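Here chain A shows up in two complexes: once beside chain B, once beside chain C.
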Partner chain A sequence: MSAFTKHRPPRSASRKRRAAAAEPAGPGGQVRDGGRARRRNHRRPAKPVAGTRIPRGMRGPVAVSLLPGLLLFGTFFLVPVFVLVATAFARWGGLDFAWVGLDNYRQMFDDPVFFKAMVNTLFYAAASVFIQVPLGVGVGMVLALRPRGWKALRTIIFIPFVISGAAYALIFSMFYNPRAGLLNNALGALGLPGDRDWLFDTATARWAVAGTFVFVIGFVVVLVMAEIASIPTEMYEAASVDGASTWQQLTRITLPLLRNVIGTAILIRLLVDIGMFDLVYILTAGGPDDATATLALYAYRAYLNGEWGYANAVGSVIIVIGLVLIVTVRRTFRIGERAL
Partner chain B sequence: MIDSGTVTIRRRSAWTNTLIYGFLGIVALLALTPTVWVMLSSFKTGEQIFTGNGFWPSPFTTQGFVDAFTQIHLHEYMLNTLLYAGLGTVGALASAFLAAYPLARFSFRGRNALVALFSLALALPLVGLATPVFFVVRALGLFDSQIGMVIVYSALQFPFTFVVLRAFLLATPPELEEAAMIDGAGYFTTLFRVVLPLTRPALATVAVVAFVNIWNEFFFANLLLVSEENRNVQLVLAGFKSQFGFNVTGAVAGATLVMLVPICLFLILQRQVIAGLTAGAVK
Partner chain C sequence: MVKARRTTVATVSAAAILAAVAGCSSGPGTSDSDTSGSGEVVVTCATCQESPTDPFLQYNYEAAQRFNEEFAGDYRIETIENPNAGSGDDRLQYYQRLALADDLPDLFQLNSGEIKAMQETGKLHDFTSSLDADGDWAASFHDQAFDALTGSEGQIWAIPQQRDAIGIYYNSALLEAAGYDQFPETWDDFEDLAAELKQQGKIALALDGDWATKLMWANLIGTQPGGAEFLGEKIVELDDWGDDPTVVQATERLRDWHTEGYVNSDAFSGDFQSAAAPYLTEEAATVPNGPWFVNTNLKTTGAAEGLYENTGYAPAPGWTDDGQGSVIVSGAGWVSGTTDERELEAVDAFVKFMTSEDEVLAQAQETGANPPVQVDATATAAADLEPLATGLIEQAVDLKYSYPHARVHGPAGLDTSWKNLWPAYVKGDMDTDEFLQRLTEDSASSAQ
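Right, the complex of A and B next:
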């Protein structure tokens, strides 16, 4: 739960792991570590949720204390959600307003561009689920074996994660550039045809966009490593004694125990992909011929055209797809009852 | 102290090690080559960038960095972004800490509903809310204003910050605060004198993550800002692409500097960043 208190994975974690197994899961998931109690296991709810009533005379201060959060949340989440739901059934450009029932949705389902955007969005989501997450899980598992230099490698592999979408767009517009880009120059140097305009050729555009983010795996890697740090070492020791190879330990012990965290990683990635905007907007503006456009970009175009009601109908579809994906992934990976 | 890790390493064959480093090396190469190449390009001349000749800068020049400040005025946008990220982080942390404490400690009517609502916001694809947020921001007179951006960013970072801080407080024993309250300390006295110091590690982790998130934010900046003088660095980066021909060396050097801010923060505060993200995800 509170992996953030003192996050100091593996090196000393093995000690903690052994301790954790020796005194199984106190209610706090607390683990004794050289006499200093330290909260580590992030998977177990730490404590039954506190049930104290508000002490006398503190109701006022508690209300005041909740106020800023309520105001921010109400203004920028609740009100927008209500506006979205209401105006998705209206023709609305800011001033003019007319109820139109389901017209926006009808228009959407009649528009081939909407379906293109939907398919592209799902394509990016699939690239995450089937390339990015497995790659991240693989790297996380290998790094958790703590080969020499694993810390430096983890740092290096994590760096792309803190680079913004806009910066990535600039990086890859240069990288894929047909004349001066590194990709074509490298291909040319290898004697391969090096003159393709990767981002603006309908055959490669979507893959080129996916190529910008599938290797940004740092987040999955650290999630996986934190999870592995909570697996009792005894399991590996026993396996070693029985003659299991590194490969067998990874596939038979580690991987099955990662089910939960893999589900979480997929979930978080899907939410990002469903709302994918920055990269596509800056890199290709959805082109060529909408081959890279996403739902978020499609909604944004409607907003720019002053079709706010229509934009909100698309927005509602994005949010509903997000919720459906969350429920599906949680079911599939049997993620615990933690709220997300 | 038996470290099982070392045991495993000793048992690993040369062949396994080759596989391990081969795999990690290829992934690192794929993940970083484009970025490193662009960063190196910030030391190249415009001609070398346009012709794409050579991986390394030759001739080596720092003119790009000079251009980034003298011609693009990057420092002005960096100051804007620093303002948004700094104050936005403070706003999110303050509101989330104030809300997380009572929602972690006391039971009252509507508490669970509130917690669920705040947490659910984490799972909302926010781009879907673009138009309504624009509408609300404009109605409040906060469109294209710096203070408006600070408020919006505080709100956007609130759910994540709240969820992590509340989880931390749930895992912290309440005895100290209870003692303080029994001794007659008021609610806010207890909150700031007793709880706040105990929460400092969690606050540090969420602060770094929130700061980096706001520094890197493009979508809402693009939606809610129009004036040149209010733009954040991500809007400037996005602008470089369309005016690529105009000052390519300054653009590439500028992009490098903008990227280096979160990268350096991460390198310095690695533990906090990783811990904060892990905690936020697993909730």
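Right, the complex of A and C next:
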């Protein structure tokens, strides 16, 4: 058995016996399989549920019961999005309002700070896609082998994910502190220069900000481990019988089957990163010289200055970027399609 | 049965909709009981809540309770729990949104910069008529107490809560160890002291990249001839602050203190704690701030033992002998968003109560902030006020220069622009011309 057949270790004999004893015997005295066969038989109804007509007498109550949800969806999603998109074409500071056509977009594309914020946002997104997600996938695959202490490791790795962004930023602002921070002290102890101001030096600021989140891999690790746990053990057993090496099983079975979950992890990270705000706001407020500013922070600055229409124009650009990323990642990773 | 279920579903749905709609209908300024059944006028206050961390809010809360006792049956302050009561980036936006919804609280506090922005909404009450109607009350305020709270057409948008001289705190023990028995009176002497402190492994000046750094910037500008004029007027008028030689000299001198290693290396976070921490742990010998620093930092458990006793409070040194100066600020002022005549009566009663001799002395004791009104010397002596604060305000009268903080008349975007550009300038990414040009433009532009 190769290492990868350990993804789903067989139950111990005693557990199997206990499970069998707990199940009543089926027809012909066969032991039931935990109800799985029954669920398989009933998994797919003869006709799809979607498109089923609602009985005439239930249409009124169904409509009424949907109404609160629709009202909330309209109030808290559709209306704000409509206002955002519409007012992106206006000069609006709350009181004054005037339609200005594409002026906000012209101003935006003339502003070098907007492009700095755009590049920084894409930099953070790239750091997630090319460092955080691969790292999370790799660690997830290793932990799925269930090495000694894997549960404790999984918990430790997941902890940073549940810490609030603001608290995390404060922890890292102390970590990077040039006077008394842990990083400089550690470098100094190693005989390296330990006086760099990581967050407020234009040469290092963007990397320092990215360094605060690229190692927060708990979410990706858990996603990957859950996906690996759902891969039938028989596939590895068959591959092993056919002479596939561990590496071949990894690259030809596990990784292809992780396509959906990797795509999902990338999509989620990208959507988080294009709206990145709190981490940057607390760590550097976008400085120095906009070296760490993101599009969301750029929009917030406009909002603080009473340029609500301009801020909403930036917001609409963020939405468009988000839509493009969703479509691109979904197509690239064929998210939602069966892996095999 | 089915019919009954449908009726239940419909009823529950309707109730949910009504609850949602009803839940959206109340706001901070909504006061359903502006007048209680007994004829007592109720006014809402958005900066009168209890606060274990903000001595100003806590004082306001206690003062509001005293007001309610004294005016029971006539007026009553109703406290609104407001997460944006303290100073912060979000406070202005919060009140702008309420102004937009015509839902401003009857009483709240804004600083001069926020007042400048809020006057555009046209929703602030003008206190001019109240001051005109009560000459004695109007005359009780210090000269220039309303300068930063006045509109372009003479409107008085706020009643000041304090009037403070802001100086530089220094650790006399560290200064003595460096061979100084008093705080330097010229910037040249200050630099000599800083060099000596650096030799001893100490930080000469603790700054934060925002408030404290701009305080020193204002000190370096304001202690030059014409400096106060820049901080009061030209800061708004000039297209490029680099055109003013006082600003160029001040900016370069402040930058050089960083590059010479006289300032803490973490002086760019924009968080005042970056400046307070090295002073409180006696790593830094000096830190600029207002009198509230005593209660909020110096007398807390975070300060080194005996630091309060070793601390002195001095005006800013000068560029020449006898050229010292001090920032004078009126801090936040009381503003009102009501237009109701009876509520305005209650608001007037409250702001007069808050500027009465007893209350301004109580405030000075609790917060360290000095009264905006003239107070009888005997009463002041009896009140046993913080000597560091009162000492500087007395000394400030004889100083050659007094000037506002750059925030008072500077554009609304100054803080954001400064935090963004100052670290890059100090670290050599741009020269003084580019820094000042961009600072001027970015402070005034939309998205900076």
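We take it that the second predicted complex is superposed on the first by the 261 of 340 C-alpha atoms of A that agree within 3 Å, B and C clash if a C-alpha of one lies under 4 Å from a C-alpha of the other, contacts with A are read in each partner's own complex, and residues count from 1 in each chain.
Just so we're on the same page, contacts are C-beta pairs under 8 Å (C-beta built on N, C-alpha and C of every residue); 3 or more make two chains touch, one makes a residue touch a chain.
Everything numeric in this text was worked out from a predicted model, so none of it was measured.
> Does the superposition put A:L72 against chain B (first), chain C (second), both, or neither?
both
> With both complexes superposed on chain A, which partner does A:V119 reach: first (chain B), second (chain C), both or neither?
Once the two structures are laid over each other on A, A:V119 reaches no partner at all.
> Is A:G286 in contact with chain B, with chain C, with both, or with neither (first, second, both, neither)?
In the superposition, A:G286 touches chain C alone.
> In the superposed arrangement, which partner chain does A:L102 touch: chain B (first), chain C (second), both, or neither?
A:L102 contacts neither chain B nor chain C.
> For A:V324, select first, second, both or neither according to whether it touches chain B, chain C, the two together, or no partner.
A:V324: touches no partner chain.
> Who contacts more of chain A, chain B or chain C?
B
> So in the superposed three-chain picture, is A:R301 touching just chain B, just chain C, both, or none of them (first/second/both/neither)?
The answer is second: A:R301 touches chain C but not chain B.
> With the two complexes superposed on chain A, say which partner A:I217 touches: chain B (first), chain C (second), both, or neither.
first
> So, A:R179: does it touch chain B (first), chain C (second), both, or neither?
The answer is both, since A:R179 touches chain B and chain C.
> Where does A:T202 make contact in the superposed view: on chain B (first), on chain C (second), on both, or on neither?
second
> Could you list which residues of chain A make contact with chain B in one structure and with chain C in the other?
In chain A, residues 61, 65, 67-68, 71-72, 94, 173, 177, 179-181, 303, 311, 314 are touched by chain B and also by chain C.
> Within their complex, state which residues of chain C touch chain A.
For this pair, the touching residues of chain C are 2, 5-6, 9-10, 13-14, 16-17, 20, 89, 92-93, 96-97, 99-100, 117, 120-122, 209, 264-266, 268-270, 278, 412-413, 416, 419-424, 427, 429-430, 445-448.
> So in the complex, the part of chain A that touches chain B is made up of which residues?
Result: residues 1-8, 10-11, 14-15, 28-29, 39, 42-43, 45-47, 49-55, 58, 61-62, 65-73, 75-81, 83-84, 87, 94, 135, 138-139, 142-143, 145-148, 153, 155-160, 162-167, 169-175, 177, 179-182, 184-185, 215-217, 219, 222-223, 226, 233, 236-237, 240, 246-247, 261, 264-265, 268, 271, 274-275, 277-278, 281-283, 296, 299-300, 303, 308, 311-312, 314-316, 318-319, 322-323, 326, 338-340 of chain A touch chain B.
> Once bound in the complex, which stretches of chain B touch chain A?
Chain B residues touching chain A: 1, 3-5, 7-9, 11-12, 16-17, 20-21, 23-24, 27-28, 30-35, 37-38, 41, 49-53, 55, 91, 94-96, 98-99, 101-108, 114-136, 140, 151-152, 154-156, 158-159, 162, 164, 167-168, 170-171, 173-174, 181, 186-188, 191, 201-202, 205, 212, 215-219, 222, 234-235, 237-238, 240-241, 244, 251-252, 255, 258-259, 262-263, 265-267, 270-279, 281-283.
> So in the complex, which bits of chain A are touching chain C?
Chain A reaches chain C through residues 57, 60-61, 64-65, 67-68, 71-72, 93-95, 107, 111, 113-114, 173, 177-181, 195, 197, 199-202, 285-291, 293, 298, 301-307, 310-311, 314.
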